[in-house]
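Can you read through this structure? Questions will come right after.
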Amino acid sequence: MNDRRYDSILTGAAVAGILLFMVFLATLVLQSIPAIQANGLGFVTGKEWNPVTVKFGALPFIAGTLLTSLLALALSLPFSLAIGIVLGEYASESKISTVANTIVNLLATIPSVVYGLWGLAVVVPLVRNIELALGVPPYGVGIASASLVLAIMIIPYLSSITREVLLNVPSSVKQGALALGSTRSEMITGIALPYVRSGILAGVLLSLGRALGETMAVTMLIGNATRMPTSIFSIGNTLASIIASQFNEAESDVHRSGMIGLALILFMITFIMNYLGRRVIQRTGVHHGI
Amino acid sequence: MLVIFTLGMGLPVFAQKSGSNITLLGSGATFPAPFYSKIFDVYASTKGVKVNYQAIGSSGGLKNIMDKVVDFGGSDSFVKDADYAKYSAPIVHIPTVIGAVVLTYNLPGVTSLRMTGEVIADIYLGKISRWDDARIAELNPGAKLPKMAIMPVYRSDGSGTTFNFTAYLAAISKEWKEKVGNANSVSWQAGQGAAQNAGVAAVVQQTPGSVGYVELAYANQNKMPVVSIKNAAGNWIEPNLNSISKAAALALPADTRILLANTQAPEGYPICALTWIIVYKEQNYSGRTIQQARELANLLSWIVRDGQKYANDLDYAALPEQAVKTAEAIIKSITYDGKPIL
Amino acid sequence: MEFENQFEKSANRTRRHRKDKFFALSLILPGIIVLAILVLILIMLVAKGVKAFNPDFFLSVQKPFGVEGGGIVNGILGSLLIMAMASLISIPLSLIFSVTLIEKKDSRIARLLELCLSSFQGVPSIVFGVIMYSWLVVPLKSYSALSAAIAVSFIMIPTVSATIKEVLLLVPSSYKEAAISLGVPRWKAMTGVIVPSAMPGIKGAVALGLARIAGETAPLLFTAFGNPFLSLDPAKPVSAMPLIIYDYIKSPYADWHQKAWGTALLLVLMVFALTLSISARQKNAHPR
């Protein structure tokens, strides 16, 4: 075939891909309309989710999603940064750095459902004992357990990116600082990290995006309550976990529409996170291998 | 990786070669799942027809049959007249077995407990929050009730077990009827949720101080204690085969839709429940073949008569003879292209 | 910094050196903790999972509620079936998309495609399950292995395309230029020269994609449905290892719990094998 035919095939493929995305988005939007119509803005701000009375308020799930993800991010941040700095600076000789990075990344390959399994066996009894000691209802499951396991799950993403951006800092910059008499740590905290600030920000956004969309581990650990969470020991639900639990049985059309509405909210939140993350990456020219 | 590839290519071919018999697909109630699971295993080995039943909860089964993605749906909550419109064609309810909704609990050192319906309702309303509450203590003078918080466990998924449980509570407690009501999914006032009967049993098993409602088989299979409840006649009844059968000894209406909760039978357990298999009356839809329809009708006939002998071993009560006859009449009314199949 | 005298200057230097050492040491602790967690998880997987391993586990199908024994072969083969079908769908499509992104670089349509693909990459997998239920399960009136495979393809294609694109870009442009200067048409330069040279990397990308979807559970919940019988029919419901883990661990049966751990161990071994096969491949691939 000639170049023109080649080109049109590729264009056709691209158009098909783009169309698929748009139909996907359209399905999400169109099918959630009935539920949103029945509740208006209350769909997002309402605190009660009652399929029987058709009161759909997604706030408890949005709260659960944000609470677990932000907590997980906060918990994982020091670990990811530390590992990233060690592998990107101190132990950056390629053999050790790559091997260690691969080992940490193995954490990222463990399926979510296995993390849920492990969380049930290890984290939940631990949290239950803490709750018994504190005199709080000893559910074991809840925001705390879900956030802890989520934190472990997202460590590899930020650590991998941090390592990568640090490896790419021009040695002239680093050597310059050292030559002027700064210690290694001063060079890292004062020069290298600020230099890669935007790359790390992108990594943070991407990790947050992953955490927001995590389904299985969270569903297994969050306790399944359709209420606003009041503390880290509350049981609750995230957008993803309520869909996983209730979608299969949304009997009425409007209930199913409500589920798809939740999926739409989830899609939008993760879309924005990922978009921002990638914009930052594009601007700084970092490419990550995840 | 190449191995997976070739394996994947070869396997479907292999599957075709080994000959595909008809498989029947069902989903729904977890209440009868131990019973179904057993009898479908027997059916497959004796009749050679495989039945794939996924226990996802009654609401799930109803949704699947509504969407016509299964051959039959299992539900312990019958479809109300007002909801018939959700189904694109008339459906029939075939009763299959009778079970009991029991309260199982995890209380170290306590192996026997009595509660009235009012106490249970108040526990789930959050009004009784500790095990050593006076109202529980006065019913159980000999028990060493610890100072622990009560953690009620409920079904997070739409459940026929919930339907029957809340039907009982609504009959017993006016406050329950007004505040919470009776449905597959209600707005729970206290406690935590778990999916499916198995999930509730698991949570109770693992959480000290918890109480949950499950079908008797789940408690028995895992050697978990159950609560004796005072029935309408004023007797303390333990849930077992005998008390279930007593509650079930009544005449079913022609369409078999009836609630057994709060039985008036003097020795009947107060929270018994019938469970149904729901199919479309006219089986020629979505390109179904008459063989598929016939296999379904055969399966249903077998369940209501020959399959009943497996019920007692799992502590389910078999359908009384009148119920079997009513069920068979309904099965005979299932048609293909307007003609009865059997 | 202003210092009164030499003493202050050297005191400051010592302080900074101590801070430097402290910094370095404090970085190691988190790494050790994370490593310890990974090791703990693996040890628990092996300790609890291996107990479930017996010939029956790998060869028999699931048994009814509360009955001991049986195995998960329907889940193992179900997972493999879904992975094989997803590969059939994803590999060609990923190749086409990545070639498109490269050949039409900087064009508006390529940038749009890139946006769409990367948006798909961020979508939680459960959303794919929800949409596939509407697109495939309801219209076809059946849960099926095929709808599950398509759902996970949505996950596989964006990641695999992105990686294949990186890999293709690593092929020295001199190869392409040489081919074209010899009169080879553009399409043949791509398919006959560049793609073959990048083959180890492409295989690695696919292996990574497979590792990713092997453990996916959420999209299967509304598409594969599960099946206690051994079924390899693409048009029928199918079981899968992650589904079995999810089902079994929610139950109160000790036997099922043990099987859940065994399945988890098997799954993780498979995923690790796929992931680590890439590192082995990279040794033969082009230098970065």
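In order of appearance the chains are A, B and C, and numbering begins at 1 in each one.
Operating definition for what follows: contacts are C-beta pairs under 8 Å (C-beta built on N, C-alpha and C of every residue); 3 or more make two chains touch, one makes a residue touch a chain.
In this text the structure is predicted, and so the values were computed from the model without any measurement.
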| item | value |
| --- | --- |
| Neighbouring chains shared between chain A and chain B, ordered by label | C |
| Identity of the chain that, by mean CA position, is farthest from chain A | B |
| Interchain centroid distance [CA atoms averaged], chain B/chain C, Å | 38 |
| Centroid spacing, where centroids are CA-atom means, of chain A and chain C in whole angstrom | 16 |
| In chain A, residues with contacts to at least two other chains | 248 |
| Sequence positions of chain C contacting 2 or more other chains | 250 |
| Multi-chain contact sites of chain B, meaning residues that touch two or more partners | 194-195 |
| Chain C residues within the chain B interface of the complex | 63-67, 77, 80-81, 83-85, 87-88, 137-138, 141-143, 203, 206-207, 210, 225-229, 231-234, 236-237, 250-253, 274, 277 |
| For the chain B and chain A complex, residues of the former touching the latter | 56-63, 66, 86, 149, 151, 156-158, 181, 183-187, 192-195, 206-209 |
| Touch list for chain A against partner chain C, complex | 1-3, 6-7, 9-11, 13-15, 17-18, 20-21, 24, 27-28, 31, 78-79, 82-83, 85-86, 90, 98, 102-107, 109-114, 116-118, 120-122, 152, 155, 183-186, 188-189, 209, 212-216, 220, 240, 243-244, 247-248, 259-260, 263, 266-267, 270-271, 273-275, 278, 287, 289 |
| Touch list for chain B against partner chain C, complex | 1, 4-5, 7-9, 11-12, 14-16, 20, 23, 25, 27, 33-34, 37-38, 40-41, 44, 50, 52-54, 67-69, 194-196, 198-199, 201-202, 205, 217-218, 221-222, 224, 286-287 |
| Contact set on chain C toward chain A in their complex | 16-17, 19-20, 23-24, 26-31, 33-35, 37-38, 40-41, 44-45, 48, 93, 96-97, 99-100, 103-104, 109-110, 112-113, 116-127, 129-131, 133-135, 163, 166, 185-187, 211-212, 214-218, 221-222, 242, 245-246, 249-250, 260-261, 264, 267-268, 271-272, 275-276, 279 |
